[in-house]
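Labels run A, B, C, D and E following the written order; every chain starts at residue 1.
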Amino acid sequence: MAKTIIPIGPYHPLQEEPEFFRLHVEGEKVVDLDIEIGYNHRAIEKLAESKTYDQVPFLVERICGICSTSHPIACVQAIEDVGGVEVPERALYIRSLIGELERIHSHLLWLGLAGHFLGYNTVWMWVWRYREPVLDIFERISGNRNHYAMIKPGGVRRDIEDSDIPAIEKGVDDLVPALDLFKGAIVDDPVIHARTKGIGILTKEDIINYGALGPTARASGVDIDVRRDHPHAAYGLVDWNVITREEGDVFAKVVVRVLEMYESVKIIKQCLKKLKKVKGEIDAKVKEIPPGEGIGHYEAPRGEVLHYVLSDGTNRPARYKVRAPSYMNIPTNETAVIGETVSDATIILAAVDPCYCCTERVAVIDEGTGKRTPLTGQDLVRLSQEKTKKIADELGLPMEGRLQGISK
Amino acid sequence: MSKRLFIDLEVCNKHLEVAVPCSYFYHPDNKGVISLRELATFAIICRQCDEAPCVKSCPQDALEKQEDGTLKRYNMRCISCKSCAYACPFGTILPEVIPYAVSQCDYCLDRLGEAEEPLCVKRCPVEGMVDYREVKEEPEKDIYFVGEHLAVHARHWEKVEAEAK
Amino acid sequence: MSLKLKALTKSPWVFHICTGSCNNCDIEILDLLTPRFDIERFGMIKVGSIRHADVLLVTGAVSRKAGPRLKRLYEQAPKPCLVVAIGSCALGQGIFKGSYNMPEPVDKYIPVDAYIPGCPPKPEAMIMGVVKLIEKLRGK
Amino acid sequence: MVEKDMLKEIKDKLSEKILKVYEKSPRRIYIDLKPEDIPSAASFIFKDLKARFATASGVDTRKHIEILYHFAFDSLSKIVSLRTLLDREKPEIESLTSIIKGTEWIEREIHELLGVNFRNHPNLKKLLMAEDYPPPGQYPLRRDFSG
Amino acid sequence: MELLKSIGYFIIFPGFLFTAVVGLLASWIDRKVTALVQWRKGPPILQSLYDIVKLMGKETIVPQGSSRLTFLLSPLFGLSAVILVSTLLWRTIISPSTTFLGDLIVVLYLLTIPSLAVIMGGFASRNPLASLGASREMKLILAYELPFILVALIPVIKAGTIRMGEILSYQLDNGIVIGSLSGIIGFLVAILCMQAKLALVPFDMAEAETEIMGGTYIEYSGAPLAIYKLTRAMMLFVVPMFLVCIYCGGIDFGHGWLHILLGVLKYVGLLVVIILIRNTAPRVRIDQAMKFFWGKMTGLAIVGIVLAFLGV
């Protein structure tokens, strides 16, 4: 059978790059996958060497706009690791609070886009509508909807006023019914089941071999979560659970993410409670960073981010290394997508949550003639959407009818 | 007697505008001599005031007196606002030597062969003011040792007091 | 002002190009489509083909790989075509200035008609930026 | 696994290969090895001790290119980093891809940014930058890179 | 004078201008309803007009390597066909006596032309994506055209005439076609075929996801794109109107305002049905569509015809 190559990409804003997938297809089956990245390489590691430790968090915050606080947290933890800095307790709670709020906004963002890929455009619109209140909370706390600039070596930059706490609490409480709604609409939906169960399976061995992280790993029964395994911020001080699933398919990843948001709500509420009690400094006022090496990590929404810093005693790092979770997760697509059909490819590629841009532009190259033939990213999305609808039909469940159902 | 890096602060301070290339490798725009000047200044020229105006003036608490009385500027705190330079009644701290991005000098220890001299010595346009040679500590000639690898030529304030008597 | 431009101001179809950003500006652009901001109210829609574009929204500090693509896309767009640079990165490379992989900002590659600062700009700011651009066109 | 065991097992197993063990803090351990011992050590830590491969990083230290392989022992809250020094003139080391699949990208990246040659890597081509940049022989993360 | 009148018919009413205005209105309703389903506000009422006017003023890029003439002419080709249909249709509606033998057949023919134009344009643009869209469109025409013609025959059989005017008059006298079992079956099939003709979900596979933004139109810009968009908008008016005519008795201008209003409501009702289908139905793959039309739909259409012969 003729082999066709479908390139997907480039833009995806990973650590340093959007990626570019090349699907090799035989008929409907995906037989191979090439991944090319680099469109977004911004030389952050090199730039970090010319910025002072106070500036580096701002720089790494801009590695990515979605996990935008995970990188600064990992970064300052690496710096604090070099200098052996003790961070005041109040600052720890604020760090966790911000981190978990971000996890919710990031998972919601993903959920909406996953809905879009599956043909539930209306779900996309609705989920993103509920994401807005989370961004409002950020704006209240930090003054910006994204890139909150809250984290600094030794603590946090801004305190959370007692007077703001009720509003944050309310915002988080209001989120729970919305989460229930999505859980009902997505986790219990037979169409989604049919569409995502048994698809793009990653086994435990795959995860370990690729070093995959975060929800991608946890959905395959690999019970890792650096929030628990290498306690940082306030995660050792509050009560929460690590969500895992055994199946390793796309559905498991959806479930893990949805359930994780409930845990995040739990953590946020505990942090807020503590913030009312634990007063005091929010900054350790670091004097200098001695020569040495340090590693910091943080469980970002997509998995562990790891930062390595080499200090020479000046106020700038001598070497800075960032390892974002998608960097480990995206290569797993090689395994996950091969052998699946083209209409399933999008949702599988999207299941590791490589942000949205990657599916933006696609064309097909016919390997024989080298001619570009027709299949766009939109086609892929469409194929994916068609399949959902077909399944909905087979199950005798008109899609919109149910969507209306959850709107009430 | 081993070789030491030698700087003449008296002359240096007359040539504030000149930047000497440095071969310290972790940061390409590094100018190690600046950090040496700060080190030397705090060790030799600073009067070590009891109630130091510089320390008081610092909005970031970046300056602290060490136990031995010398000053230390903490690079994670200093924002290079230069308040200390204006506060010091003796003009000890020159605004040029307290940059935001601090530089580092490692005395080129790991890359210096017997015959070689550090890049800063080779490239300083003002002749003889940075040198790498065998020196003796000679207070009467205003030559003092600072640390293990540095020798400085500068007027020590104690000596000025002695002359005043 | 010609009818041409007037109609353009009533129906600006946007095409989004990311040239090496942190994704946040891009997400905020997507956000514009969702219920809270709903830019279809102003006749703006996000199109998938460069041939249908009236306004290019450019984000990011332009990496070496993306630069040539940006130029090519601009050449493919039918004129009149407006370019809006969104975010500090697109304006002056923002925090990525000096990066070895980002030699020049957007306006060194293609002409830019409006700059919307911010990191990222708020969606309201983006809408306002486009509206201001439109007002400028009308005022001509 | 108890924590003493882990370190002890590593020390026993790799005994004479280890050049130096440095316990920076209770949670960070650095082990210096010769380049040729890295594959066997990594294999032992990854396969037998079941550590998670976190990432690798490289530093130009002027005389050498230093490569660090970071492994996480999640159940012990520890990170073990294997350190090795490569000759800067001709940095070369055996690729770990046959042992750990997840090293493929990071080795490509180090190859691209620091010019390290990973022997027997299945696909050692550029990962991040355009084909025509940087000029051959220039590696952005080396100290003498002029951009 | 006659000539002038004909030109007037063609250009102003009920030809180009009138059809365009109503068509644009119809496409606005389409967008607005979709937005409301998604909790959005949607575009202003004149939006579709703005879009067209803007596109007219834009540069037209003819892609390299394309056959220039075909590329530029095919949109016009489609547009003139719709105008002709509209003119014929409305003249018949207004004065059923000005009808000629076989005008129904002519209308059926003309209605395929916009799709053919799209195909021609798609192939002419030499863009692989466009060619794919065009070949899909071609398959689609093959698929739906047979049942569509079959169900168009049902009113013919019922009325015993092939003149549209007479079909209308027949319905005035004997009740509308849809009032019978064969009429209902025929109408249902016709609606689905129409959905395909209008290239709306579930049969919009010739274009990529975001409606007109992909597939066959990908290389088009400026005025030709405007003409395509306009043609589509007009089709949104003409095709349902055609069905209203042959199945629901058209708009009766002879018996006062109430009847006219009723006629308009028939059209609006049908439009809403179209939009609802578009927003609720799953999109199908091209092979599924062909199976659907050649199998179920053709079968149903034949049943309808048999029933019509039996007078049911």
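Operating definition for what follows: a contact is a pair of C-beta atoms (placed from the backbone, for glycine too) under 8 Å apart; a residue touches a chain by one contact, two chains touch by 3 or more.
The model shown is predicted, which means the values in this text are computed figures rather than measured ones.
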Least step count from chain A to chain E, where 1 means the two chains touch: 1
Joint neighbours of chain C and chain B, given as chain labels: A, D
Innermost chain, where centres are averages of C-alpha coordinates: A
Relative to chain E, chain with the most remote C-alpha centre: B
Chain pair with more C-beta contacts, C-D versus B-D: C-D
Euclidean distance of C-alpha centroids - chain C vs chain D, Å: 42
Length of the line joining the C-alpha centres of chain C and chain E, rounded to whole Å: 36
Centre distance in Å when chain A and chain B are each reduced to the mean of their C-alpha atoms: 48
Intercentroid distance (Cα basis), chain D paired with chain A, Å: 26
Where chain B touches two or more other chains, by residue: 26
Residues of chain C touching at least two other chains: 35, 48, 65, 100-101
For chain E, residues contacting two or more additional chains: 38-40, 208-210, 213-214
All chain pairs that touch each other: A-B, A-C, A-D, A-E, B-D, C-D, C-E
Residue ranges of chain A touching chain E (in the complex, touch as defined): 119, 121-122, 125-126, 129, 363-364, 371-376, 378-379, 381-383, 385-386, 388-390, 392-393, 398-401
Residues of chain A touching chain D in the complex: 16-17, 37-38, 41, 43, 45-46, 81, 84, 208-212, 224, 226, 229-231, 292-295, 297, 304, 306, 308, 310, 318-319, 321, 323, 327-328, 331
Chain B contact footprint on chain A (complex, rising order): 49-50, 52-54, 153, 285-289, 312-316, 318-319
Partner chain A, residues of chain D touching it in the complex: 24-25, 27-28, 30, 52-55, 57, 59, 68, 70, 72, 74-75, 77, 79, 81, 100-102, 104-106, 113, 126-130, 140-141
Parts of chain C lying in touch with chain E, wherever the complex brings them together: 2-5, 7-8, 10-11, 35, 38, 40-41, 43, 46-49, 51-52, 54, 76, 78-80
